[in-house]
Each structure stands twice: as structure tokens, then as C-alpha cells.
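I've put the structures underneath this note.
In what comes next, chain A is part of two complexes: it sits with chain B in the first one and with chain C in the second one.
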Partner chain A sequence: MKKLLALLLAVMMILSFASCGDKKDEEKTQVDLGVIAPLTGSVAQYGTGVYNGVSLAVEEINAAGGILGKQIVIQKFDSKGSETEGVNAINALITNEVDAVIGAVISSVTAAIAPLADEAGMVVVTPTSTADTVTEGYDYVFRTCFADSFQGKLAARYADKLGKTKAAVLYISSDPYSAGLYEAFKAECAALNIELVSVQSTASKDDTDFTTQLTTIQATGVEFLYAPCYYSAIGSYIIPQARNAGYNGIVMGADGYDGVIPYMADPKSMYENVYFTNHYSKDDVNPVVQNFVKSYTDKFGADTLNSFAALGYDAVYMVKQAMEEANTTQDKEAIKAAMADINFSGVTGSFTLDETGTPQKTAALLGFKDGAEIFVESVGLE
Partner chain B sequence: MSLFVQQIFNGLKVGSVYALVALGYTMVYGIIRLINFAHGDFIMVGAYTLCYTIPLMVNAGMPAWMAVVLGIVVCVIVGVVVELLAYRPVRKKGTNMTALITAISMSLFLQNTAQSLFGSAPKPITTIFDLEPINIAGVSIAGETLVTILIGFAVMITLTVVVNKTKIGRSMRAVSQDRQAAILTGVNVNRTITLTFAIGAALAALAALMYCANYPAASPTMGGMLGLKAFVAAVLGGIGIIPGAMLGGILVGLVESLSKAYSAVLTGGIITSAFSDAVVFMILIFVLLIRPAGILGKNEREKV
Partner chain C sequence: MFSKLSSKVNFIAVTLLFLILVVLRETGIFNNYVMGILMLACISIIMTASLNVATGYLGQLVIGHAGFMAIGAYTAALITKAFANADILNGSGIENFFRFIIAIIAGGILAAIFGVLVGAPTLRLKGDYLAIATLGFGEIIRVIIQNLKICGGKGLAQGSAGQALIGINRLADFYVVYWITVLSLAFLFCFARSRYGRVLKAIREDEIAATAVGIKTTRYKILAFSMSAFFAGLAGGIFAHYLGTLAPGTFDFNKSIEYVIMGVFGGMSSFSGSVIAGTVLTVLPEALRSFADYRMLAYSVALILVMIYRPQGLFGSYEFSLTEQLDKYFDFTNKVQARKEKKAAEKKAGKAAAGEGGEK
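On to the complex of A and B.
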């Protein structure tokens, strides 16, 4: 009996090896696309937007015949916004031999998975990680969004364009996103001869009282304030406190302002003269944008229609285009080469990638009127 | 000069909120000798209640601040439930240290519950008071700040009267001085402590109203730093001493504001405005080195 069992196990082992061998030689009949996004936890709203965008794009592509005739199958992993979960997810996706990965969403998680993916030769496109370093030095890691330093530069250029020679800053010193934007803004201001007359900071992104810093800024008589903070602080605290302190000049920020509208206090006129750079504008008349806005709203409603959704959507189309140009869905070396040379046009703009895998694109400059977002202009570094 | 005065007023704005929170801390500590670390989170409970009840009040044609009545009801229920389910069993079995750890775990429990119920993104709260700022000679003080200070003084006086002049106040003082002796003289210790918690929680709801009037959003972790600063304020003024909480709160607010405004100028940019919390905690340490019982505290010698 024991002998029989041993024999049986041995046969099974041989068979399983054989099936492994077969799998490698055989062309797969589908495209396996891994997705790593925080679907629960504190940044779940970002992950939900990205995942909705990804699934909308996959649905459209599959309905139109797939990539090179193969249907896309998603393998979804919840990173919960944690580095550990993200690393577990990328290891599982590498073991599962997926063909490409979309993810991760927040920069800290992408920074954790990038070296592993690069070493395993897995093509990874992060839709939304804006920290400058996450793609640097990793040939297989690309992104759909612009990097933080780009937004900081754009803000300084905009101040210069408005003829401002003095500016002030209010930033969160403990937050890498906010501090990174401030550094980029400061460097570009130095290049453009804009004097930073007052640099104020706070230690925590949960801080609620900025009155003192804003009073100090107001007293310098400056008319341009760069405040790279997050939407809830901007809407509930910074703008009302700035206006109450008598500061009526421009407040400018970056994509962290996306989602500020529900947090606006009355009167909404306080938010005029507030501008930010973002990945796209849903009011853009470009038909690609309008098609996306319509199909997204029909499927998921307008509540989660943000930049994260648009970037997730574009990331899938980038993978599709790279696979089609490489004429393979499985040869990762060829897909990587095609991705590096991509000339892409989507919802979040038309762009090529630089040597770090970061798009060279324009940003949408948005403002507010009567509590609604308005598209001001398209801004770039040229 | 007017800028300096304005920064003082900015300090009063945040200090008056700390004072209101510190009153709740000091009240509970004064009677039970328990540092209720969940007090900041009771304020969070109050803020979420306001977030959902203010629209109801406004729709019913009543002023928004009336929502505080419902806030008080919810906070008192939460406070009493926490006391009955967590603090009382621990008080029976354990020491002061176990009670302190229970308070910290209740704080985390309330935060995590709020996060799973309402999500982690802050919830905006609509305008509570529609007050014009008052301008005097180029400096302005927000109407909300004046209201907060007035409420703070009213609470301070009421609490002092309740503790010193009423029957229930007498049993509170008895419990605080000697729990065993209080039992012997027929004071219902458990009922007195539960009532103290109920009053503390009601104060938290009131603090939530004034906090949200100044900073209109509720988030699961909002009670953390707020509670810590108010605790510092209570200790600075002399923990357990009701007027001390008021004084400590205002002082912490002033120090915070002035350090944000002038530390960078005075140190040539080495200490930036981001260091204000560190400055506040450092000043606490210095004050406690000189006056270990706080500014209004009496240094009591243990008799052998």
C-alpha cells in the first residue's frame, strides 16, 4: 500500500514537471494583467479610482477584440497602501507569470516593488506614483503620471508668467510629497529670480491651524502663495484661514488639491484665485477625454471620477500599445523596449517617455469659480 | 506692533479650544485620578455626531449650534458605556497603570471604529456660527474665538460651583480624597464616577462644537494631537484644578502661535514654524521642573 502511494506521488510529480515545461513553450491564449492597488485602508479612494479606470479600459479592449486577438484577464491584488502587502503582491504576480503589471498607486508602495519587478524582468506601469525616484534606475518600471518636481517647476513658471517677483510657501515638512514639491518650486524660483519672502511649514499633515503662518505671510504683502498640501486641509482650513487673515492673493498647489470641492466652506468666492496643476481636466473638449468621462460616469457614477481613474485607464492602453508595437504579449524584453519608445496619446495627454520612464507631458491648470472647477489652460515646460 | 497683537489673537483662537478640551480632562482627573486618554476621541465622536446632525437641525429650521444637544446625548452615552464596559471592571481588579493602559486602548478602539464606520477621509462640517470677525485698530479677532472663550469661562465657573457647592460635588470631592472612606460614609462611589464621566463626555461634545466652528471637518484621528495638547494644557495649569485648565489652554495656544510666528526670525531660520509642537512640549518640561504640580498646583508634601 505504501509502495503504491509512493509510486502514485512520484508519477504525479513527474506529470506536474511536464505540465510546467509545456506551459513555457506554449503561447498563452490570454493576456494576464496584474493590478496592485489599495482597495481598502486609508488611501482606498485612490485605489478605487485607479481600479475602476483599469477595469473600464480592460472591458473596452476586450469588447473590441483584445490585444493581438487575446482577451485580457485581470489578477487583482489589494496592497492596502502598505509596502509589505505590495511586495507580497508583486512576488505572487511574478510567480503567476503575468505579462504586465499596473501598479502600485501610492509612491511608497511603488518604491518597494520597483526593484523586485526590475530584477525579475516584469514590466510595471504605475499610473499615479509621482515621487521622482520610483522609476529612476529601473528599466522595467514606467509611469503614466508626471513626477512631483515637474509640478513644482510649473508653479514657479506660472508665478513668473503672472509677473510675480515675490512668493511665499506653506508646506508640510514631514510629508515627502509636500516637501518634494517645495524643493522643486524653490529651485525653479531661484532660476527665475523670484524671491521667496516667507517660507512657512507645519510638522504634520493632520494639522488644522495655519492662522499664524498665514498671518505672517500676509504681513509680507506677497501676492503668490505656493501651498503644496492635500485637498481636505486646503478646503477646510488653509483657504478660509488665509482669507480671514486678510490674504486675498493667489494660492497655488498641485494634484493633491484634486477632490477639494466637498470640503469648501462658505462663501465659495474665497476659492477664487486658487489654482492647481492636475493630470487632466474633465472639462477638456478633446473627444478622447469626453468619451472617457461619459463611459466612466455611466458605469461608476461621477463620485470617483478623478485623475486616478483617468491615469489607471491610460496605463492599460499604454500596455496595449506597447504589446501591439512589440507584436507580442509575452516577450517582456520586447514589450519593455516598445514601452520605452512609446508615443502615446490618451485621456491624460499625448506624450513620450524620458530615460527614467516618466512621461514628457503637459499639465492642466485648474481654478475654481462659484465652487466648481474651471479649466484655465494647458501648461508645460516648453 | 499690530502684527504682534494679531498673532496673540491667533494664539487665543487655538488656545481657547485647548482650554475647553483641557477642562474635560482635568475634571475627570480631579475626581477619579485617571488620565482619560480617550477624552480627545470623545471629541471626535462629538464631531461626527455634529457632522450628521447639523444638516437635520438646519432643515428643521433651527440654528446649527442646537445640534450640540444631540452631540451631548451621543457623547454621554459613549462615555458612560466606555466607563461601564471598560474602566469599571479594570478599576475593580487592577491598578492605576492598568486603568491608564485601558484608556489608551479605548482611544485606539474609538479611532479604529470611526475609521471603519466613516472612512479615513475627513468629513466636512457646514458653517456652525455665521459670525463676522471683530476689527479693532487693524487687528481682527474671529467671532468664534470670543464665543469659545466665553463658553470656556462659563464652563469653568459652572464646574467650580458644582464641585464645591452641590451635594453631588461633595461626593465627588469625597471620592477624590479617599475612596474607601467615601464608601464608609455612604457615598455611592460607582454612581459618582459614572456621573463624572458623563459630565466629562458632555464637555467633550461642547468642545467638539467649538472645535468644529473653528476647524470645520471631522476625521477619525482628530482627537489624537488635540487630546495630547489639551493634556499638556491641563498639566501646565495644574491637573485636577479647574481654573488651571483654562489658564493652561490659553497659554499653550499663545506659546504655539508665538513660536510659529517668531522662532524662525529669532533663530535665523534654524527653528522653523514646523517646530512649534516641540517648543510647546519643551516649555511644559521647563515649567514642570520649576513647579512640578503645575502653575496653579499646590506642592503637597507627603506626611509620614
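On to the complex of A and C.
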């Protein structure tokens, strides 16, 4: 009995010691910025692009005196594109009391970390998660990119603008990105009285043979094909096979086409009449864009320069602007309020955020000529 | 309840460990990050231990365990969502606890049913057919989930095919999960040591001999396999209610292999090995985070070293026994026995004395 009492007392003592360790609310002398991105694994190239963009922006801001006079220190976490690792990372960042988080990159990981961040009152800006639902209902979660449904709508509007009344679709049924874009496109087509004469799908994003689907589409005599797929499939397989099947109409896609140029087959003239919506255009004459393109290319080379890098870069500047407008780097409530009311202008356009924290912005419509990207026009919903 | 001394000792040890964890958590020494990793470790332990029944004791290579986990995860998640929508057991504390328990058990049962469906045809065959069948099964489940509208988007009413299932209530509380893990391990351990466990070992060692002594091998194989699936489904349910989000891509081939690695690392038919491997291989990649780019390299090197120097896994088929260790260093069992005898003797003596007193 005595032993038990002694044990109990010892436990109580430990407890009371531990409760003495409360930290004082000291003003930090730096801004801790957490970054969650897949730096290894199957989507590593997206994460690398984002991380490069983030580190470029941080370097620039620090060289110019930091945010409110405080230097930014990055805490980098590799999510490997897995939800579990993403949750571990956000838990660690909340524990480390960082001031804001940039991430995650792919939508499924962002969907996993959003409720945790929101509960802990941590400001999270995802640069690139385009799935419609990831920011819905979470006050502390914002994004820099537009949502998938927006791009699907834009494509339907563009078809309408070109005077097409019939369209065909080729999409990847198992892929959330592709399926989401198709659904948004379908809904907008119904609103605009565009008839979908042929809807073809493929089971996996790794498929390489689309001849059957494309021949069926060609047989309907349609002149507008919406194919929300990824750059490798578009460049190497879909366009050459479509042109082989005798389809010479328009092929339209979304930001998944970004990076297609190295995958193009000869002759490059096949890729004329191929259009896609993207977050920004390298050829935009806006000095902000040109400045970004130049500093990025100088630092990391042109190979990894894609919209992921641009969005990562903008996300950091969004955090900076929100902190400056709130006049604090630590009061998350104030930063969140400033972020919700932000009127931001950066590489990927000028925008305000809607009630879900999604930018209201325009997209760049890009095409190809002689194997190079050309800027067609800026498109928006208005 | 605890007739044997070792059960008492183990129960006390497990409770002590629990109390230590409670103290560490409540005082904030173990923050949410650490608790999250411990939760993942518990999930890995259940997965690895359940895999051990099929792979270690039954001797059948299963490389689709993530498929059962996925069934459990999605079933449990959709059940708690449906309950929340219908406002049944949707509150705080004890109500959430029951909702969680009902959901994960339902997930486990459905996984076990699928275990029977997959096992019944393939376990009749000899050889590596089960490995191939489970491999295919895991992939099929993943693809089916990918294409089910109910498993996408916000689930139930407003799904969109192929998307992650989001907004699952994060009901998994570490204290509850800790005891679920303890109970699962105790159950599996007792099962493996029972008549059934010995039958499984007999089948593993020589199926023809086992048949010759009158064992219905297929029935026992299916029993063990579906039990293994049940616990995988249970672990999946916990996983869903810890993460709050499910994406079909999580439960791919690599996830299955991850648990096979843990099983082999710890020792194929040792539950102590499952506990150690599940914990170490979950914590190791996180502990090595400060090495950033080299952490997966270090993880692989650790695995390779174990396989070179301990090809049978850390524990082989050895089970760690606390009572044995106590005996070794403190002569525990004998001391307890001596004390019991002494007490009994004292009682006797007391009674005798009282009897004498009564006489006077």
C-alpha cells in the first residue's frame, strides 16, 4: 500500500512539473513557413516545381527585407503524395507552431489536411489543388489556383464561342481530375445547348492506345473534342492517333497539357488546333510574369518551369500580402481575415477570393504553333 | 478471468504502458504529431498481426491485404457518415464511441465475408494460387472503389466518381484504439495457441499429413484467412476515422507489400515481432525526417541489414514473454508461488490459533 502511495505521489509530481513548462507568448523574430509537397514519389515533379517556386519567392522576399521586417524560414515536409504522410506533416507543423503553411500539392492530400488545419486555426494556402471540394467549408484553407469545374466550364464556353453545337469527349474514367473536368464540361454544355454526340473513356491514365475511341469520334463528324488528359498521353498518343484516324478538328484540354512539348511527335503541325486552359502564359508581356520567368530560369533552368512553379511562387506572395495587411505575422485569425479579403495580383493573374477561398480569376488559353506554345487569349466566365 | 499468472502480468504491463501514454499525452510531452504516429503504429500492428495468421501460421502468401483494409475503411466510413446524416449516435463522447465501434466492426465483418469469397475457391488449391488471387483481388477492389459514386466526393448523396471520400468524422481516439489493438492481439495470440492454431501449423508443415489425420484443411484455411481479413478490415476502419479522408490510390499494391515487409521484418509467426516491426517501421521514416532526402535510403538499408543478419526476421517464431523475463532476473514465478504458500500457511496458522483461542 505504501509503495502504491509513493508511486501515486511520484506521478503527481511529474504532472505538476510538466504543467510548469508553459511557454510565454513571445514575439517571434522570424516567420516560419511550412511547406508540404511531394518531393519524392510518383508526383514528385509537381512537388519539385512548387517547391522551387516557393523557395524562389522566399529568397526574393528575404533579400528585400522579409515580411514586416522578419525573415522567412522554410520548414519543408515531403508528403510523397500520400495522405498519411500529409497528415503527419500537418500535425508536425501545427506542433512546431509555424505561422502559415503552403500545401499540399495534389488534391487528395489537401483534402486530408484541410480539416486538421481548420480545427487548429492554421492558415493553409494550397497552390495547386484544383479539386472542387478541397477548400469548401474550411475557413482557414485557401488556394492560388482555380478549381476544376471552372476549367470545364471555360472549355464549353469556348466551344460555344466558336459556334460549335456538337462536341465529343475522351476522358479517363478512373482519374478524379479527368472525370471532374468531364462532369463540369458536360453540365455547361447542357446549359449552352451543345450536344455531346460521343462520350468515350479510357480506364487508366497509363493507357497508350486510343484508336478505337478516336475512330468512333471521327465517325460522328464532330469538330470539337474535349480531352482532359495528361501531357504525356496527349503528346505521344492521343493527338498523333487522332490525326491518323482522320480527325482534324479542335482538341481542347486543361492544365494537364502543361509540359506537353517534349512529348510531341513529328510533324509538329499535328498540334495546331490543339488548345488548353492554363494558369498563366510564359509569353505574357506583364513585367511580373517576365520577371518571374527570368529569375526562375536563371536559378533552376527552363525544364521545370511550369504552372506549378508559378502557383507556388504566387502562394508565398499571397501569404506575405495577407500578413502585411493584417499587420502581424503571428495572429492567425487576423491573417485569415486578411486572406479572405485579399485583392492579389501576381504571376498567375489578378484576383479576389470567393467564399470558399478559391480565386476568381481568368485563365490563359494557349495553343501550339510549330511545336511551341502560343498565347491565344485570356478567358474568364464573365 | 486471468487464471494464469502470465495473463495477470501481461495485463498489468499493458495497463501500465497505457497509463504512461496517458500521462505523456495529457501533460503535452507527446503532442498531436507523436500521438498521430502512435495511432498509425497501432494500425500497422493490427494489420501485421492479422497478416501473420494467414502468412505465418497458415503459410499462405497474401499480397492483397490492403484490399481488405480498403473494404473495411470504406464500409466503416460510409456507415458513420450514414449515421451522422440520419442523426443516430451522432453526438459526443460515448455516442461517438459506439458509432465508431459499430462502424469498424461492420467493416471487419464485410472484409471477412470477402475473405471467404476469395478464399473458398483458391484455398482449395495447393501452391501459390492464393498469392496471385489476392494480388488480383486487391487491385480489383481498388478499381471498383474508384468507380463507385458512393465512395467519392462527399460520399453518400453527393459523390463524384473517382474522387477522394472526404469529411469522415475523425472518431478514432487513441485511448480506444490502444485497447482495440490490445484486444485484437490477445485474441489472435490465443487463437494461434489454441487447437485451431495448432491445426494451422500442422497444415503449414505438411498438408497431406494433416489431411491423413482427419483435418478438414480447406475449412480451417478459410477460417484463418477470413479471420485475417476481419482484422485487416478493422484496421482499415480505424485508419479511415483517423485520416478523415480516403483515396482509393492509398490502398494500392505498395500498401499490401508494406505490411508483408513488416511481417517478414518482425518474424513471420511471432506476434511480438508484429508489434515491434509495426511500431519500428512506422516510426522509423518519421524519426529520420531530419535526414530529409536520405530517409528512404536509410529505411531500405535498415531492412536489408535485418534480412542479411536475421533472415527469419527479428523474432522468427519466438514470442517475447514478460513472465519469462521476470523469472530470469527476479525468479518471479517462484517468489509469487512462495508468497502464496506463505500466505496460505499464515492463514492456516491463524485459523489454528483462532481455534485454539476458541477452546480456552
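Convention: the second predicted complex is superposed on the first by the 358 of 382 C-alpha atoms of A that agree within 3 Å, B and C clash if a C-alpha of one lies under 4 Å from a C-alpha of the other, contacts with A are read in each partner's own complex, and residues count from 1 in each chain.
In this section, contacts are C-beta pairs under 8 Å (C-beta built on N, C-alpha and C of every residue); 3 or more make two chains touch, one makes a residue touch a chain.
Since we're looking at a predicted model, the values are computed, not measured.
By the document's definition of touching, of the two partners only chain B reaches A:209; chain C does not. When both complexes are overlaid on chain A, the residue A:45 reaches chain B alone and has no touch with chain C. In the overlay built on the shared chain, the residue A:262 is in contact with chain B alone; chain C does not reach it. In the superposed model, A:173 lies in contact with both chain B and chain C.
With both structures placed on the common chain, the touch criterion links A:201 to chain B but leaves chain C unconnected.
The contact surfaces that chain B and chain C form on chain A in the two complexes overlap at residues 173-174, 203. Of all the residues in chain A, the ones that touch chain B in their complex are 41-45, 173-174, 199-204, 206-209, 211-213, 215-216, 219, 232, 235-237, 240, 244, 246, 262-266. Residues of chain C that touch chain A in their complex: 23, 26-29, 31-33, 36-37, 40, 143, 146-147, 152-154, 160-164, 166-167, 170, 242-247, 249-250, 286, 289, 292-293, 296.
Those residues of chain B whose C-beta lies close enough to touch chain A in the complex are 3, 6-7, 10-11, 13-14, 115, 119-122, 124, 126-127, 133, 140, 142, 215-217, 219, 221-222, 224-225, 256-257, 260-261, 272-278. The part of chain A that touches chain C in the complex is made up of residues 11, 14-15, 18-19, 21, 39-40, 76-78, 82-84, 87-88, 91-92, 94-95, 107-108, 111-112, 115-116, 131, 133-134, 173-176, 178-180, 183, 203.
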